[in-house]
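Take a look at the structures below.
Both complexes shown next keep subunit A, but they swap its partner, so subunit B is in the first and subunit C is in the second.
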Partner chain A sequence: MLKKIFDKYFHYWMVFPAILLLAFVVIYPTFNLFYTSLFFKNGQLGVTRFVGLQNYKKLFFDTNFWQYLGHTFIYVGSAVTISLILGLIISNILNKAIKGRSALRTIMLLPWMIPLVLTGITWRWILQDIYGAFNALLMQLGIINQSIAWLTDGTTAMIGVITADFWANTPFVTIILLAGMQSIPNQLYEAADVDGATGWQKFYNITLPLIKPSIFVALVMRTLFAIRALDIVYALTGGGPGESTEVLASYIYNLGRRWLRMGYGSTIGVILLLITIALVFSFMFILKPGSARE
Partner chain B sequence: MKFFKNKLNSGDNISLWQYLFLGAYILFSLFPIYWIIITAFKNPSAVLELPVNWIPKNPTIDNFIYVFRERPYLSYTINSVVAALSSTLLCVVLGTPAAYSFSRYDFKGNKVMFFSVLVSRMIPPIALIVPFYSMMQNLGLIDTKIALIITYSFFNLPFVIWVMKSYFDEIPTGLDEAARIDGASKWQIFKDVVLPVTLPGIAASAMLAFIFSWNEFVFTLVLTLTPAAKTLPIGLMDFIADDFIDWARLMAGGALAATPAIIFGLFFQKYIVGGLTKGAIKE
Partner chain C sequence: MRKSTIIMLAVSLLVLFSGAAVAQDYADEITVYNSGDLEHDPATAYDIKRFEKEYGVKVNVVEVPWQYQIDKLTTVFSSKSDKVDAFVGSYFMLNNFAMPGWLEPIGFTEKEKEKFSPGVIKASTYQGTTYGAPLMLKDTELYYRKDLLEAEGLEVPKTWDELVNAAKKLTKDKDGDGNIDQYGFAYLGADKLGFTFRTFLYQSGGEMFDENLNPVFNSSAGVKALTFMSDLINKHQVTPKGIISMGEGNVGDLFISGKVAMVESVPPLHERIMNSDLSGKASLALVPEGSAGNTTYLDGNVIYVSSFSKKKETAKAFAKFMSSYESSLHELVREGNNSPNPSVFNDPRVKEKFPEKWVNVMQESVSDVKAEPYPLYLQVEQTLRQEIQKALNGSKAPQKALDDAAAQIEELYTNVLGI
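Up next, the complex of A and B:
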């Protein structure tokens, strides 16, 4: 009897435990986020008071928010663009008849697999002004004759953060694009050869349109990773110098965990979630990833 | 498997410029890792010598001994291993049956539930730090490994379900049919017929889930306070908080934190790449 019931609702039994856990770790916290954003909740003062949309109103006059939003767009925009361009070039090379592709892929993947906080720390050490590797290299090559304090200038610090980010995340883009390229049938290229197409023409007219779905996936995943990333900023600059590398992710961390301004921190969290969704939808709208599939 | 074919694909040979570009990129990729390793094996005072030694003069393992003896890196390492292994096990055990059900059965709520799994991968963990902190505080789980194991399933469980479903989708249903005609129960079909064929998929998703958990930073930073639960990546920040950063010993800690990445990358690259592309591309 029991066995029969088990067999009849088998598909639900299989899904049930996973969905239960997901409800606990995804659905509940997400609802809680929206709910908390409607409160003035301060852990230091021990106050929790319903304020409706007051926190959202406050956003408009919060100059920090707008400044960090700007930094976030600069960071995400540059890191994602550079990763995509580099990823396209490298995957296109690896897609050719190259010896030791497997070994190259292993080497290439390493930066992606180490913890991002270690990436941030390592680049902080590379860019360190006196004993760091970057200044040492530049000096030994005769490019500069005095060490430069890269991380005490707002602009170079941001460039450092972006570099660490695309160093770590370009491998992911490359792997996704390479998989897309390898699924293109060879006959297409052979036909193009018969017509006397150049390498660039083949790349532009065959490869690029056919890997559009992969480009879409790489773009979306890459943007999601960059917009949420706290690790690199936290470890490399701590938001500094001044506030020149503070992004929305670090703002949420400071508000929610360091200053215990939990209500307002949740409001910024909601905004970050909405920005993420808006970006994914606009990529879908612009790239129409389904259109390259048969 | 199509991702690993080694045939000539776009027909062209590689130009000199492309070789140079690839070479420069490989140098750029490897240099920071080389810098971690040489710093980790240098004497702490040798790190502060100019000009910089690109090859350590008297390589030493003292930094590794130091982080284990004088700093709580043994606890950090144990916490990292326990949290990552447990979360991986939990998510593979719960996620694989769910993925099978999503792949094979067309039941009420199938689409909605699977779609919500997809959407949950879009939620930035950083946005949820306040809810998770409050939740774990209410449960009295702040600064425990249990909090980490539960929290890591936020990203691991959707990932495992997603990847495993595309592995199951690739296995012909004829296999299930044949077993059913032979009188196997639904559970037996799953356990004895389909599951053994998807072992590479399970290996791939388990390895990636392990790496994601091992590298996790945001949740762990928020939910842990002491060596009772702090993991290696969080432990590295101890050094940054010091007035004077002890780079040699910090990089020894960093090398420890990078170990799984290096092991998985060198020996199981095929699984990692397979799982990654499956996790990303299929719809």
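Up next, the complex of A and C:
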């Protein structure tokens, strides 16, 4: 009898350990996040008090939240877009039978191998106004004749953070797109050659549509990495100068981990989660990744 | 058995058991979180070895980078873990850790407290109880290039105005490429920007809070202090623009490499100077006075004991040992960290290591330091630093920046503390 049940539901038993792990690392923390957001919970004061939706109401009047939300959209939008464009270009080059392709692929991966905190620290040195390599390079090329304090101005500091981010994460996008490109049958390109298609026409009409699923995966993963980016911001600018590079992820970190205002921090965490889910669904709607091969 | 034998036996047993009782007071080992790695903390490493030898207690050191010390300890203590017995923290951590009951009183007697500078004990005391055993002190001093000042015929500046005048003469474009190669002056930025502001604030006669915890740093004294900091960068252009993102290490680098002629910084820059090409060319002096004197902000390290530790007595013994005269002396002569115990400066070993003038400056400087512990330090510091940065990069006027900081802090205290 037991054996019959086991055999009948064998496939469920096989995925049960994975489901258990998923429940432990995803479902429970998510539930806890929503639950904690309904409390005034301050670890410093040792106070926990049910407040219902008051934290969400407070959010509407929190000017920091709206400001950092704006920064998050600028940061994510710019970093992801640039990564995607560069990723397409680089993967297209690496997909061709060029000399030294293997070596180029390995070199291309190097920025991704460096821990993001180290990336942030390194770029902080690069962008430093007196010793920074970037100012030195620009002055050597005659583009500027005076050092620029990149991390002193809000706009240039944000550009610096975005640059460090796409420098570190473009290799990841490239790998995914390259894998997609390599699954495209060569005969399609050969047929296009016969029809006299140009390189751009082949790319636009063959490559792009057929790598849509890969673009979707790259876009979603890249957006997820960027939206929760704390390491680079923390290490490079600390959210400054002023608050010009503070993003929601750093705000949540400060609230929850440093200041122990866990209730309110969880509230913002819930909002960020909902924004992330909304973005993923909108990518699905726009890209329709399942339609690529139809 | 002869009477004398019995007496000797009794005395031996008494000594044996009392020795055993003393030994039983201390655990076999404790865990201490150190701020930074011991390789760059030779005095602490040396004194830990001395403690281990004298007390027979093994000290397991966990090295945590300074910037992450608070986060790491907050995680440990908020879970009420006993894995930390003691830790090396900063004076400003007191309120954040004492308020939720995470710290154990050190148990200094009044006599033991007397050996420290009054400002130091005040900064280690929360609601009348002393929780910190002072390890070392980081007051602010003026480090300057003797040779460069002499070349320009300048005296060491003693007031803010003299500082500006000297800095202007020392700011130079040496190779005529339109780029300043040598700045006249720099102060600590980045995570120490709030400390720098407080130093200038105190020198202007200002305070951070009144007795009811209302922010008062946006007074005329505060505006004067912040305007001074901003003018050095934007009006007089004697301080690099990038200073707002440069911390203690970076500013030290600027001075050692000759990019800045004078800096207001903290020990152990003395040590770096003595071990560099600047030895003999650089010196130190008291910071230039503002309208209300030359008090500087008190920073530095303290040993705290965890209230969750199961080895409190041993941890307290460790804390007191590390704040003893000998340990303070080692901090000074091995690392160049100033002592919270002023009598250490009279020690012949200090006079052997440092020029007499330096010792006099250090001794006088540590006697005029100030810190104001207040609740929710980290959030207040972040708010203050953000607004100061906006004033320094020109995006807000100093008064507006300080008013905004004060308003945010008031709201914070109302929302979180209900005051």
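Operating definition for what follows: the second predicted complex is superposed on the first by the 270 of 294 C-alpha atoms of A that agree within 3 Å, B and C clash if a C-alpha of one lies under 4 Å from a C-alpha of the other, contacts with A are read in each partner's own complex, and residues count from 1 in each chain.
In the analysis below, a contact is a pair of C-beta atoms (placed from the backbone, for glycine too) under 8 Å apart; a residue touches a chain by one contact, two chains touch by 3 or more.
Predicted model only: the values in this text are computed from it and were never measured.
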When subunit B and subunit C are modelled together on subunit A, clash or fit: clash
Touched partner set for A:107, first subunit B, second subunit C, both or neither: first
Subunit B versus subunit C as contact partner of A:257, first or second or both or neither: both
Which superposed partner A:269 touches (first subunit B, second subunit C, both, neither): first
Contacts of A:187 with subunit B and subunit C, given as first, second, both or neither: neither
More subunit A residues in contact [subunit B versus subunit C]: B
Partner chain in contact with A:155 - subunit B first, subunit C second, else both or neither: neither
Residue range of subunit C overlapping subunit B upon superposition on chain A, of 152-160, 242-250, 278-286 or 332-340: 242-250
Residues of subunit A at both interfaces, subunit B in one complex, subunit C in the other: 124, 128, 130-131, 139, 238, 257
Touch list for subunit B against partner subunit A, complex: 2-14, 18, 21-22, 25-26, 28-33, 35-36, 39, 47-48, 50-52, 90, 94-95, 97-98, 100-102, 104-105, 107, 110, 113, 116-117, 120-135, 150-151, 153-154, 157-158, 161, 185-187, 190, 211, 214-215, 217-218, 221-222, 232-234, 236-237, 240, 247, 250-251, 254, 257-258, 260-262, 264-266, 269, 272-273, 276-277, 280-281
Sites on subunit A touched by subunit C in the complex: 42-46, 124, 128-131, 139, 145-147, 149, 151-154, 237-243, 254, 257-261
Residues of subunit A touching subunit B in the complex: 3, 6-7, 10-12, 14-15, 17-19, 21-22, 24-30, 32-33, 36, 86, 89-90, 92-98, 101-102, 104-111, 113-119, 121-126, 128, 130-131, 133, 136, 139-140, 167, 171-172, 175-176, 178-184, 186, 189-190, 192-193, 199, 202-203, 206-207, 213-214, 217-218, 221, 224, 227-228, 230-231, 234-235, 238, 249, 252-253, 256-257, 262, 265-266, 269-270, 272-273, 276-277, 280
Footprint of subunit A on subunit C - complex, ascending: 70-71, 74-75, 78, 96, 99-101, 177-179, 190-191, 240-242, 244-246, 250, 253-254, 259, 376, 378-379, 382, 385-387, 389-390, 392-393, 395-396, 416-417
